[in-house]
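Before I ask anything, here is the structure I am working with.
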Amino acid sequence: MNDPTQVEKPLVDPDVVAQIKSWKGYVQAKLGFRNCWYPTLNSEELEEGKPVPFQLAGEKLLLNRIDGKVYCMADTCLHRGVPLSEKVECYSKETITCWYHGWTYNFTDGRLCDILTDPNSKMIGQRALQTYPVDEAKGLVFVFLGEVAEGKEPPPVERDTAPGFLDDDRRVRIFRRVVNSDWRLGAENGFDTTHIFIHKNSRLIPGNQTMLPLGFAPPPGNKDKLWDRVETEAGQIGIYDRLAERGIPHFEGKVGGETVVRAIHGGDKRLAEEISLWMPGVLKVDPFPDPTMIHFEWYVPRDEKSHWYIHCATKIVPGPDGDESFGREYETIWKDLYAHGFNDDDIWAREATQAFYDDDSGWLNEQLFESDECLIAWRKLASETNHGIQTRRR
Amino acid sequence: MNDPTQVEKPLVDPDVVAQIKSWKGYVQAKLGFRNCWYPTLNSEELEEGKPVPFQLAGEKLLLNRIDGKVYCMADTCLHRGVPLSEKVECYSKETITCWYHGWTYNFTDGRLCDILTDPNSKMIGQRALQTYPVDEAKGLVFVFLGEVAEGKEPPPVERDTAPGFLDDDRRVRIFRRVVNSDWRLGAENGFDTTHIFIHKNSRLIPGNQTMLPLGFAPPPGNKDKLWDRVETEAGQIGIYDRLAERGIPHFEGKVGGETVVRAIHGGDKRLAEEISLWMPGVLKVDPFPDPTMIHFEWYVPRDEKSHWYIHCATKIVPGPDGDESFGREYETIWKDLYAHGFNDDDIWAREATQAFYDDDSGWLNEQLFESDECLIAWRKLASETNHGIQTRRR
Amino acid sequence: MNDPTQVEKPLVDPDVVAQIKSWKGYVQAKLGFRNCWYPTLNSEELEEGKPVPFQLAGEKLLLNRIDGKVYCMADTCLHRGVPLSEKVECYSKETITCWYHGWTYNFTDGRLCDILTDPNSKMIGQRALQTYPVDEAKGLVFVFLGEVAEGKEPPPVERDTAPGFLDDDRRVRIFRRVVNSDWRLGAENGFDTTHIFIHKNSRLIPGNQTMLPLGFAPPPGNKDKLWDRVETEAGQIGIYDRLAERGIPHFEGKVGGETVVRAIHGGDKRLAEEISLWMPGVLKVDPFPDPTMIHFEWYVPRDEKSHWYIHCATKIVPGPDGDESFGREYETIWKDLYAHGFNDDDIWAREATQAFYDDDSGWLNEQLFESDECLIAWRKLASETNHGIQTRRR
């Protein structure tokens, strides 16, 4: 029973609510988007015939590799709703059988193809679990979280990557971590140009002879747009942050007119000249963490309060040994100096932001400043160009 | 504050909702039923004058044995709502005194008979805690969860047991466990004939020279009823599952026409010829786990998400040493081979089903098949014949 | 989705609801009151320039000592809502800088005085974090949880203490603990005269040659008021419990006419002659635990389900060594015999009461008795004289 004498909660500023209407779809997308490709597990994690459960955008799913090709199917038996993965029983290459009553599903189309406890059931052939198209690229297993009409194909994976990611001879090292925050707080942490303030003491800066301002900000009285929205021929849609070009880098932080903190000048290597964020949630930092490399990172919704942070160190290295040689370089230098030494800070920052946005009231109560214009542009883009909003399924 | 831009949830098929109306009472009975007997602790757990707290159907209760007879009373002081059992203070045989302000209740009628801090209070004699009738049988303490009118008696315990349980010379070994699922998922797990698929590798099958099909299913084109509803002279109401007689046992499981799994044939002992489920939630499997024994199991609601699984191995053994001799047999053979070796699997199966039914949406979203006809019959019976539905009390 | 067939919950007695209307404000004050002083940390816990986060009445706050004076400011950056204390960065004595984007706030007025990543932002000087007035007295840091109009001062701390607490030469030993109950259950535990039943075996009674009845109760047929509401010249508002004078102490507890428990008579020292409870939640027991001492205890709301129990042992000890000498006495004798030996029992009692009041239905379902008249008087006083009710802020 509720308290019969409850105090009324204070109302929210209607102007703020009105502004949010222009990126309403983004606020709704707590679980991400539909009808787009998300990277999930690494290809090497999927062995032939060994289904692996995982969570994507609030859905419990299974991946399985059959004759080399990967399939994705719901992990919830249609009958009584139990997870098939609770006790995996695969009696043929293409199928998984529910441990409870023997309902058997084909990975290729999700079809209920047999029931071991009742081979005469009329349900057989008449029901199907949700399946999703799967593709693999650069060592990642991509899942297309959406429906594809009979006889149609999903769009190519490329559409939902950042430009250049799929380039020939681009070698990719993947480092996937669970971050306990909403995926949007991940994406905004990565794209937000002034968040680099948290990296001011990163060991990457002296370690790789580079420099990093404390932040970039628009010039006083700025009337220029600080970003560009682009769509590539491959259909990729994203925002370039132009603060590095059109804004002012600040290398000294002042309090009360006194300089109190200075950016470390570790050397003259120029990094991060172009920063862009692409649908459905992948950041590109070019070049980074070295003039020879490009950094990509994905924010993949797992549920309302956690995402996969898929960190991709990449470099073009031609030749048959390219992958192995980049792998050695990554393990020797970059894993510590960059994946940990730089990006570990982003993880606790995202998690520290979560409580304020837990119930989505943060979108109303935050107070943005000038350089956040790029984030607003991203929010609008995401609201306008998505192919559907993911919601909790039953 | 709510997200001002919340997406609407998908609606549920109205046909499914309509069907559920025919067993609405069962869906409501998340905490079980009222005005019926439930088994609780074992008689031997209740020593003279040592009150024991427990939880039944969402209520916090106390059992206490006084001059040999067991009484059941609410464990929540009327005054400020604290649990009496937080610090037991019994100053006379028939009473318990609240540790906080000395309110004292008589176990026989729940009456507030004294207040040690204010012997003149007008409350004395004018208030009473809820009490429930108690009976003991076969080593179980039964509580009648309901009101009994002045001068009336509750029905005999027998009404709420399965036939035969109280037979003379029937020896009973009780094994009680907490299972983290709704009691209904316990009852349906036990009664559902095709769930035996999970027992296909049970060590009981070879260990006791028996066999168990993978499942029983109705014959193709079946028009016969697969169950019988019965009411005994003692007022017991239950459903017999007739799939063993009228259905087809399947000893081979096929995927794509190939036999992929075969039931183990451990021997020719015939078991489980009659399976029946009785109000308010007790299963009888006759004979089981041996032609000389009958298995009974109760699903007793503790709260919305857990039940007591009260597993009773029974056998008729006449004579003064019958109980001791069956006790030795149970400990030597059956506890491992059957209580653990067979029924442990039921526990994790029930717990794996819980998430889907947590908020009761599972009743709308499940997809039942032919052999579940027996479950539907049970659900209707439970909706039609219960004597009241338990709800959270204040 | 909700259960489509939900059972209706039983209704509450409208007479009880009507009665609660007379102390509605108290039921609303789950997080305490606004516009009043609460004690928080100890002065000695605040070192110069070392901000400390804490929680008061549902708010996340910071305390910091600057040039000896303590300031209190919200611990939530205005920009993206992160806790400033997640990683403390103070670049000048008066300020704290948000670790995320360099927003910098002045502790004296909460003003956003600089943004290190964008010194030209128009936000600078235009926004401010909530600050609260702070004062220190008797080793406690008091925070005024409310707004003070421009050019005005908050009331003196004295208004929100119990009379005598601030007396010259009164030495105070503070022992602060977190108790997992609503602050109101703390206040009512302390003030309620019959709760002393829980202390009947306290080692303080024989240890300090005193006695304690099992309870005080109104005389039969009592028509006298059992309490006095007072307001002091300093504006302190409180209730004196007069049960010790106008009621009957009971030294024997009877069940069924038989004496079953007797109060321990440890000696003739007279204690606790006056018990009073003051806004916004501070108890005074005079004298206690010794004829030479006065006991004060505060119940400071942290959140809806926990409070700080600030236990203050006090004694008038004149002279320059007074504080040190009382400190030795407290550590040698009173910490064990009284702070633990007596008041530890109050802590588990409050926590045992919490579940019944968790959702505030306890206020409707409790059943009070004659001596609770003092509690009702307190509830009305708190409803009528508070300066505002605290609610969750955003």
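Per-chain residue numbering starts at 1, and chain names A, B and C are given in the order in which the chains are listed.
Here, contacts are C-beta pairs under 8 Å (C-beta built on N, C-alpha and C of every residue); 3 or more make two chains touch, one makes a residue touch a chain.
All figures in this text were calculated on a predicted structure; none of them were measured in a lab.
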{"item": "Interface composition of copies subunit A and subunit B: same or different, split at half", "value": "different"}
{"item": "Magnitude of the superposing rotation for subunit B and subunit C (Cα, nearest 5°)", "value": "120"}
{"item": "Inter-chain centre distance, subunit A versus subunit B - centres from mean C-alpha coordinates, in Å", "value": "46"}
{"item": "In subunit A, residues with contacts to at least two other chains", "value": "1, 9, 12, 361, 364, 394"}
{"item": "Residues of subunit B touching subunit A in the complex", "value": "1-7, 9-10, 12, 192, 194-198, 214-220, 248, 250, 253-256, 258, 260-261, 348-349, 352-353, 355-357, 361-362, 364-371, 394"}
{"item": "For the subunit B and subunit C complex, residues of the former touching the latter", "value": "1, 9, 12, 17, 20-21, 24, 27-28, 30, 76, 78-83, 86, 91-92, 95, 97, 99-102, 104, 113-123, 127, 359-361, 363-364, 389, 391-394"}
